[in-house]
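Order of writing sets the chain letters: A, B, C and D. Residues in each chain are counted from 1.
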């Protein structure tokens, strides 16, 4: 069972892992966009990790969403805030997340983010990563969940490498985006990787 | 005796010699000013050399002055125009310059240029070169005049190298101008050198 | 880093403080990173807000002023402001007649402004509408024109919609006019050098001495393709050709044209571009109204230029010529 | 060369052609390289002419306009126009009440303008006077202040003398006011990068990534000394200290201040400089009137800034605030 404490510890790990990956993400975004993704992600998680989370897990997730809104209003930050907000709504009033509910939370985040960003699956964005992770987790054994999520995120990124970006700034690069990782999918991989340690 | 034809031939030689020295003069001026002197001088003499000179030597000198005014209105170009104008006034109505009159012509140019530019001898400018040449030519044998002029121009430039500039843009460099040749004195040396060949 | 600044983290806040201090009769900053008219919202007038990153002056925040914008939310250099700041801008712009959100089509900005609109509606009961600029012709093909990004065309939209609001048009009418204006704008950009985002501290891209970026946005990102530097006339020719391929111009059409420096390119060179554009349009019999040549939408100290053409009808033309005043522009 | 141009030799002529084409209601070029008011000289009004090199827009020629200059002779980039062109400018500016030659103190310009004055007097019987700007405090010590060069202070001189002429003052009075204005101006400049003169095709000097030029003129030449780049506040502090050492300011003094970009430096960074200047002057109790922050006197695409302070009396202040209009500035 995941409590606010567990969440805080995970945020701290993500913050340090994405901080380390910041340059990599900025340069991936630089090749297809404005080069700010590493800063967006690491700043957002640092702010979230530094936030005192309430015990109510719904309110904790809301606090994380707000942290993102405060410091990173680039697309990715806003989308993550939207995702956390959707999860917050589902968990309001509880003090623990039941791992069995996780695939549903990821799917809810995915749907809210699709609505907010008007994106579609297959556009080569973080949405595809969320979708893959939600599906993979659905039947995963508890102790395998993190590895399964990492594998799904990694596969998604690699699988879309060969396709063109259809949304966001990267769309403008058209065919030239083929062969490049989507920065948002790569960032998502770095985020779930951090859950391991 | 110097006719308009002789003058034209000399202008052509000066034009080609100062064209070759253009970069040197620009960089000397760049160190103490705006770096345009090479262009000013070579453009001015090229324009003068390309001008059809009338037989009346005064009118020929006037045409040279006008050529300078047309194409080079930096300080040096304006000063040379002023100098040629002064000489023009003295030679009006003649068709030859008597070499014996040359020191007087140089001195007249010097004085007109002093009046126009409000400069003084000793300011480390082309005025000092003109003054030295006028004086040195005063008793020079005819066949030695060019060599005497070159020597005087060269000595003046070297002699002032160790002194600070007191006029024009170079003045602003104050003590830092010590050790550097005055670009205008150097240009004058290149001009008289061209008379040799 | 060859910039005049103190701590890069303070760049935007110090810049805004200086701007408001220099023009206290024009600008106020009632909430951090939200600039509003010094005189406050005008009762009964439709408000117009925009928002976007810093580093584009006069865009975005410079155009707050009479006959122009009412408020603007400002982010870090080239970064979207937060939804919360945008909601504050909406609140500050509201004079009771509703608020138009008028800004450039960028993913992050759209998501945040949508959220901001929802917040303002929920919290303050303010009716809002949206018009997006999508004037950069090379950022998507004509069939997907709604996906194009917004660049210097914003200047015309602020001016024309601002004039409509100032004369007392209601929200639907201001929105309609803003949309017609946005639809009538076409832009294209080119750049010779990158710029440096203060917090990054290094140039946004690398480019050779003889190359130029074509299809330049205003966020320091590389252009859409790269070409060898060409003579100014050929650059202007190509830019106009691409604009006219998207929105044909014919004898008798009335347009305005904005030849805009991305920052470092001097006015002298804008006039060299304008000279060719003018010749070409004259030859076609196209009438130029109130041409704008200068720095209207920049990317810090980038070397480069954009050209925007707006096709005018009578109404747009009269609104374009209506009086307006901010610290950067007076009509 | 990273510039937008055609043949470098045509740079100035094409630029002027574009400028006049863009603003036909403001500028005319009746004689090559001489810009005059489109409406021509105003009968009975004192004319004001200036002249200087190209590459400084809006200086020099941009300030031809109502309440400002009447005509301007333009040279190549950073090069003096010819005496003949200056004489033409004087002739075009003459409305029968005489002409003031108002320009910056540069050896070449002074010699040529003196000749031009003699020509105009001889050929057209026009009475002329001269006022030279010598506002750059670091270009000569106070004891030799008359040897200083003229920089951005020209903007104030054009504005104030222009207003005096426009209201109908006679030549002696306009000259007196212009001289008081010139005497009240103090300027200083700094730069981070050089610029490129089109016909030279390479930067005017070399400078390291962490260095800045101090005591910068406006002709692309190196500064008077070199320093390590410092925070903006320290740069503003040092510049103001040097201006105030030359012309002390005290509680109750009224001044205007111009924080000017040499070209590439964006408005954002000018406001950061202004912010510090304002704080410092506020602390001293000095009142700032109509501060100017922007691009008023440039050196092509140079990165850097100048600060000019003018100490105002009641008369200068009212003339500074009087209406004026050219394509680059409206008061």
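The criterion applied here is as follows: contacts are C-beta pairs under 8 Å (C-beta built on N, C-alpha and C of every residue); 3 or more make two chains touch, one makes a residue touch a chain.
These figures come from a predicted structure and were not determined experimentally.
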> Which chain's mean C-alpha position is the greatest distance from subunit B's?
Replying inline: A
> Just how far, in Å, is the C-alpha centre of subunit C from the one of subunit A?
Replying inline: 32
> How many angstrom between the C-alpha centroids of subunit B and subunit A?
Replying inline: 76
>> Averaging over Cα atoms per chain, report the distance between subunit C and subunit D in Å.
In response: 29
> Hey, what residues on subunit B touch two or more of the other chains?
Replying inline: none
>> Taking the top-of-page definition of touch, could you list the pairs of chains it picks out?
In response: A-C, B-D, C-D
>> Taking the touch rule as given, give the residues of subunit C at its contact with subunit D in the complex, in rising order.
In response: 1-7, 11, 14-19, 21-22, 54-55, 57-58, 62, 192-193, 209, 229, 231-233, 235, 263-275, 278, 291, 293-295, 298, 300-301, 303, 305, 328, 330
> Which residues of subunit A touch subunit C in their complex?
Replying inline: 30, 33-36, 39, 69-70, 73-75, 77-79, 82, 116-117, 167-169, 171-173
>> List the residues on subunit C that touch subunit A in their complex, please.
In response: 75, 78-84, 106-108, 111-112, 114-115, 139-140, 147, 149, 199-200, 204-205, 219-221, 224
